[in-house]
Amino acid sequence: MMSMFSFLSSIELGLIYSLMVLGLFLSYRILNIPDLTVDGSFTLGAAVAVSCTLAGHPVLGILAAGAAGAMAGLVTAFLQTKMKIQPILAGIITMTALYSINLMVMDNKANLPITQDESIYYAFGQLVGKNLQGMLLSGLAAALLVIIVVLFLSTPLGLSVRATGDNEDMVRSSSINANFTKSVGLAAANACVSLSGALIAHYNCYAEVRMGIGMVVIGLASLIIGEIVVEIFVKRLTILAGAIAAVVGSVIYRLIIAQALELNFSASSLKLITALIVALAMSYPAIKESRKMAKIRKAGRA
Amino acid sequence: MKKFMSVMMAGMMMATMAGCSNGTEQKSGSADSAGKLQIGVVQIMEHTSLDTIRESFLAEMESLGYGEDKVEFDIQNAQGEQTNLSSICKKFVGDNVDMIVAIATPTAQAAAASTSDIPIVFSAVTDPVEAKLVADPEHPDKNLTGTSDAIPVDEVMQLCQKLTPDVKKIGFMYTTSEINSQVTAEKAIQEAEKMGYETQLMTISEVSELQQAAQSLAQNVDAIYVPIDNTIAQAMKVLAQVGLDYKIPIYTGADSMVQDGGFATVGIEYDKLGQQTAKMAKSILEGTPVSEVPVETLDEFGTFINKSTAEAIGVEIPAEIADNATLMGE
Amino acid sequence: MLEIKNLTKTFYPGTVNEKLAMDHLNLQVNPGDFVTIIGSNGAGKSTLFNLIAGSFFPDEGRIRLDGTDITFLPEYQRARMIGRIFQDPMKGTAPSMTVEENMALSYLRSKQRHFGFGISKKERSFFQEQLARLDLGLEDRLDSPIGLLSGGQRQAITLLMCTMVTPKLLLLDEHTAALDPATAEKVLEITKQVVGDNKITTMMITHNISSALKVGNRTIMMSGGRVILDISGEERSRMTVPQLMERFKKESRQELNNDRMLLSEN
């Protein structure tokens, strides 16, 4: 079994990445758009946060990271709505452009570190002690973002964004500007993702230009795992339940990875395990359906 | 739901079987078994240079008396995903390992963020000061020390002067996502300009761009220099062909790249780096405090020249250089 | 209220599929009119609605709503003044949002409330009041996701959503056609009630000729992108279905051989 340290660290990591998963909750669940910008906006958040920290503004850097992510989301939205590019391709285009932009933000260096004194985690640690700094700060951030997201989705604008993802035809023939709501949604989603990247940069004390690779897959897997688990406890996935599912799923995913490491698979099969988990999680609805069907058929024959 | 869980467990069991039967170096991760030392070895991804360091490190540890009878090595690989680096390092810390060996810059950074007590020996970090791993390489201030794969760029430029004196303009290439490569290339450009060469820089972001970027560069320069770049090293044959097509020498950062068709280098041998890392690890395991183990670079650099490349581009290797170099490419 | 002059639209101009869908149509709808529109398939009824609502723009002509020229106004800007209900009951409501949330969506938009969280007690009781008048038991199901409701219930709610804040013009595009006869009748009753109570200027496309003559105060028949018959008042109340079909034959010199229209004359 994994050590207590490993267990607690997995929860910490899960909480930090849950911000990214919340972003995917907004784009994939609410807006129904598969947004691949995530791989790029995650790194963008880290790059902006580290650059601002090196310039002496660590906390401002976090906010700037969120703003930068929002802008990345707006670019993808523009490509989709005005240029009428297919959503997946629009996301890929922005993600590709962000590789260069991230490098530029990082002063053309592939790897940009900060010292522990510059990290907000260690600054927070002065208040609560080193052992709690990770868990508390990450937990606070995750809780705060869940509240913000749920409140936002209950405002008139938030309702319009939800409707856009639910029934775009209806929205287009109503007085709601669907292009506007999509842009707002994608901007908000990518802002969350960037905030996640910013936090990880402070947690690990560096930003690296390749650190976002594979994020969208991890995020979607986490989201779905979270939903499967939360659905055991609630009848219907309300907005609050969905947001909490994002956090829960992210933590569980990290625990699964930690457990996979414990089982000591050959080092090169970690990705295969991840793919298996993602595939299982994503096919769970279909598996559930076919088991239901099998039961009905069985009862029909009896 | 229960059935789903059992399906998942079954899946993981099967994968465990497959995994266990594969790994010859894997040990079951249990707590301290009968006083054996535990060392966690982690790298960011599979790569020839990183793999070579790891292999030669383990071999040297064995020959220094720290083989598998005395040490449990937990070997992990983040498979290119930096998120896994954190998880792996946390696992090491939770398992209370006696030392972490971190290969490559982000690996060392993730390890540093996970523990400030367990000694970390890094390798293949070109500039540990820039990476904020040590403030002073002579006196490491934290729990980190290790080997740097910095190479003597001045010696390469001098070799260029001697072997190919007609070269006036040198082109430099590196992959933008590799900090080691970038740092070395920038130093090399400075050095070259000091020596009076004209320089031009061409960067790529991934291996598919190599051929066209190299061709575009080759048209304007008399020689190309590529430092220790993992991406380009993997596709060395492509770059070598461009050199042959345009008949210009390709100076590289590592001997393996010359082997693969480059022209020449005064450069790094990754297995020597691994061995040196093992020696440092041994002294720390035997009680030397980390602050007294300075960061090391290789003290000897061999000269490597590829004979058939030389012939193909029409360069004659003067005898006094050939005598002191390793000739490759028969 | 609605003034249409010379409205023309050709689809796929210059190709093999070229079709003149709207042919210099002129129409005037007065405030409070409830106009029923009939015609065979391809007559241009839906095209007319699309042009009025702004799904696409005409090649020629002008549309004026309550004095304002809306010919080239974008769809979502017109939607503030024009309510529209489609034949497909799925199209009018957001399935995964609750009844309450759907109603809030249109209510808050028309009231122009942009801030604040959730739905206030006052708003919730207002919605319940509105739903109670439908007499469908929906006032107890405010928290149900709309996707769980039947087609008829969804259309009824869509109707409410469009009329909670009275629009200048209401377009009903065969909104009962996809419902079973009993539910269709119910929804039609509700339509008449809501339109009557709020005095909404309404245009309704229907394939049911006898409904067309019984509901509203005016009936238009379209063919080939033009209005070929426009009756109201005495003439209309004395018109029977067979007479209407004769008039149609005379005006359009075609057999009215649309099965749906024939079969539903009751």
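Chains here go by letter, A, B and C, matching the order in which they are written, and residues are numbered from 1 within each.
In this section, contacts are C-beta pairs under 8 Å (C-beta built on N, C-alpha and C of every residue); 3 or more make two chains touch, one makes a residue touch a chain.
It should be emphasised that the depicted structure is a prediction, and the values quoted were computed from it without experimental measurement.
Student: Go through the assembly and pull out the chains touching chain B as well as chain C.
Tutor: A
Student: Just list the two chains that share the greatest number of C-beta contact pairs.
Tutor: A-B
Student: Of all the chains shown, whose C-alpha centre falls nearest the centre of every protein C-alpha atom combined?
Tutor: Looking at where each chain's C-alpha mean falls, the closest to the middle is A.
Student: Please flag the chain sitting at the greatest distance from chain A, going by CA centroids.
Tutor: C
Student: Quick check: how many Å separate the C-alpha centres of chain B and chain C?
Tutor: So the centroids are 71 Å from each other.
Student: At what distance in angstrom does the C-alpha mean of chain C lie from that of chain A?
Tutor: One centre to the other, that is 43 Å.
Student: Just how far, in Å, is the C-alpha centre of chain B from the one of chain A?
Tutor: Each chain reduced to its C-alpha mean, chain A and chain B end up 32 Å apart.
Student: Within the complex, which stretch of chain A touches chain B?
Tutor: 2-7, 9-10, 13, 17, 99-100, 103, 108-111, 113-116, 200, 203-206, 208-211, 213-215, 218, 228, 232, 254, 257-258, 260-273, 276-277, 280, 284, 287-288, 291
Student: In the complex of these two chains, what residues of chain B are touching chain A?
Tutor: Those residues of chain B that touch chain A are 1, 3-4, 7-8, 11-12, 15-16, 18-20, 22-23, 26-29, 46, 74-88, 90-91, 93-96, 105-106, 109-110, 112-114, 130-133, 176-179, 182, 205.
Student: So in the complex, the part of chain A that touches chain C is made up of which residues?
Tutor: 151, 154-157, 159-160, 162-163, 166-167, 169-170, 172-178, 236
Student: Can you tell me which positions in chain C touch chain A when the two form their complex?
Tutor: 53, 55, 75-77, 79-80, 84, 86, 90-97, 101-102, 104-106, 108-110, 113-118, 145
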